[in-house]
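Shared between the two complexes below is subunit A, which pairs with subunit B and subunit C, respectively.
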Partner chain A sequence: MANTTNPGLRACTQGISIPGDTAHLPGDSSIWVFVIGEMVTFSCYFAAYLFDHRQLHDVFLQSQGYLSPNLGALNTLVLLTSSLFVALSVHATRAGDSGVAARFVGLGGACGAGFACIKGVEWHSELAKGFTLGTNKFFMHYYMLTGVHLFHVLLGLVFLGIMWRELSGPGSPRVRLVETGATYWHMVDFLWIIIFPLLYLLR
Partner chain B sequence: MTDTPAMAAPAIQAPDLTRTKNLDQWICWWSIPVFYNLFGIVFVYLARLMPPPSPGLTTDQIIHFIRSNATHLQIAIVTLSLSLGLASLSSGIIVVQMRRMKGAGPALAYAYLAALAVAALPGCLFCGLMFALAAFRPDRDPALVVLLYDMGLLSFVGSLGCFIVQYMVFAIAIFLDEREIFPKWLGYMSIWGVVTELLAIPIWIFRSGPYAWNGLISFYLGTIIFVVWEFCLVVSLYKAIKTQPSQEVLA
Partner chain C sequence: MKGYFRSPLTYVWSLLSTITILSWWLGTRAGSHPSGLNAISAAAVVLIACVKSRLVIRNFMEVSRAPMWLRVTSDSWLALTFGMIASFYFLSR
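Up next is the complex of A and B:
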């Protein structure tokens, strides 16, 4: 009986589903099928990268030296900020404050677009140095991993656009839809957090 | 009077000529397992394109691959040219089902049909054609045989990009649809389809490694996702036809 009155313990168990509790998986359950599938397919890319990294260690280290870890770190920061805005938007939506929620989604989308622009600048500078997809195995993985990830970012911007439209439209927005979009966006962020150290930092 | 709600339907009704509802769609549906079995025999057993031979083979190895396999390649192209049209039957059902969707107009259904028609030629027919051409004259210049070998396999795996639009319009239609004719997760799976097509881009550059035409990612991952997607599509089509009322009028 002390359990139910202990606020600290109650806070600890807040994320756990209790019978009769209204806790649910955020978003549409289909999006989680997608997220798990994406984790599996990206794991294949990472495994292929790590395999080649071991085989061609010197080539990888040398090629890695031509990347700009500063731009990579900046992009990590931009995408994390973007995820924060999207998370705040979900909170605002749940609280019924669609106006604020729409603004947060807008800010999140702006950061996402910023990420894509920085990625463009980075690719341009690598291409200007003469490094293309066909230069060597390292740049093959670099362009493919960042390219496939960028495709997910662009698709995520479409999702954010749909969320923004939902939140700024008349009537009360569908919370599930906002949660689904946010789940996708956090997945994009999570994948980048693995890609960044693999490509830029792994020695 | 023993009027039940079912008998309260309109008094004058057109006679139902077909005892099985949606018979046309069921005919098309049963063509799918027939087509994919033939597809499997042609590409896996006869032409030995799945899994594909290596892009790194020497000229002698390529000549040996084609000449020792000549009869099989000829049976493959004949079977393929006779059965490729069956692929369009499944598109027939998909278009009917896409037109039943609410919130997604018929434009996406027609776009799906046209996109698949464009992609089926390089993705299915060209490779069999090139291999059969290489086998047609046993005394053909080895350099030309190598060329046909490359053309066949590059079009088979590299043409995957042509399927992007097909996957994309299908996903958009599923997301817009309010009737849930197809489950939403099939829409997300179609997005994986788009991603796997992007992964085939580097096969034009690399002759070894995970992104070569026989690579772990460009070939195996893409093929596994395609097979799973196709299986889920066929099951979803079955459920969609099963639950469709026979007298439904399409928009």
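Up next is the complex of A and C:
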């Protein structure tokens, strides 16, 4: 484990810049092309949802009342916590603490798996009440948005697995690979931050 | 491992968690009526989501230290997306 003489850990805990540290693009540039593409794609989903919300205000208002904002908020807290662990794993990787970084990635992955389980419970509850993809436009958007997002979470768990393997293996881990996986995971987090109020709170 | 939790990222996470709970409270308790959220609560929920997204992008994704083009792109996307959410939502009321 690194001590406070480690410049990477010192930079992490004190929020100071490492000498010579100017603008830095975390991860591979191709992940940023992907992230920006996903941001645009999800904006189109949000626009389609908002358009139908405006057209069918009463249907949406009534249907939103059947969702559980408590589970939505819990999932937000779980995903934020996973993002913290993954961000700390990047700092630990830079500081040369591969073992600690691997543990942070494991904790982040556990939170991600928790998110998927909570989503499963929520879907099961909605389906048990008889609300399916074909019930109305609101539930079509609900299952589509949360389903596409859940797919991204599951893909993110695969990336976290790759990061964990990289950090647990012999030799120095590739910092850029860890940064790339972390960037993807944080994208999954901030997309949920927008989906949560859209579906559950803004009635 | 504990040393890493003294990072500014932990404070960002605390803030994110606190305003998530505030947003949930506004959306379910304080401003909620059978006819929907009151306008002030709805505006606060949208603003909190915007602030949270930017905190994640700037701090966890480290865009605050990224090249200018990425900072401008992410801020422009946030402005457009939340501008769209606010205008659609409030026009439909």
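By our rule, the second predicted complex is superposed on the first by the 180 of 203 C-alpha atoms of A that agree within 3 Å, B and C clash if a C-alpha of one lies under 4 Å from a C-alpha of the other, contacts with A are read in each partner's own complex, and residues count from 1 in each chain.
We take it that a residue touches a chain if its C-beta (ideal position, glycine included) is under 8 Å from a C-beta of that chain, and two chains touch if they have at least 3 such contacts.
Since the model is a prediction, treat every value here as computed from it, not as a measurement.
Of the two partner chains placed around the shared chain by superposition, subunit B is the only one that A:134 touches, whereas subunit C remains out of contact.
Once the two structures are overlaid, the count of subunit A residues touched is higher for C than for its counterpart among subunit B and subunit C. Of the two partner chains, subunit C is the only one that A:36 touches; subunit B does not reach it. When the two complexes are overlaid on their common chain A, residue A:28 makes contact with subunit B while staying clear of subunit C. Legend: residue contacts after superposition of the two complexes on their common chain; A:119 is shown touching neither subunit B nor subunit C.
Touched by subunit B in one complex and by subunit C in the other are residues 51 of subunit A. On the subunit B side of its complex with subunit A, the touching residues are 183-185, 187-189, 191-192, 194-195, 198-199, 201-202, 205-206, 209-211, 216-217, 221, 225.
Interface of subunit A with subunit C (complex): residues 1-2, 4, 9, 12-13, 15, 21, 23-26, 32, 36, 39-40, 43, 46-47, 50-51, 53-54, 57, 61, 69-70, 72-73, 76-77, 80-81, 83-84, 86-88, 90-92, 100, 103-104, 182-183, 186-187, 189-190, 193-194, 196-198, 200-203. Subunit A makes touch with subunit B in their complex at residues 28, 30-31, 33-34, 37-38, 41, 44-45, 48, 51-52, 133-134, 137, 140, 144, 147-148, 151-152, 155. Across the complex, subunit C meets subunit A through its residues 1, 3-10, 12-13, 16-17, 20-21, 23-24, 26-28, 32, 35-37, 42, 45-46, 48-49, 52-53, 56-57, 59-62, 65-68, 70, 73, 77, 80-81, 84-85, 88-89, 91-93.
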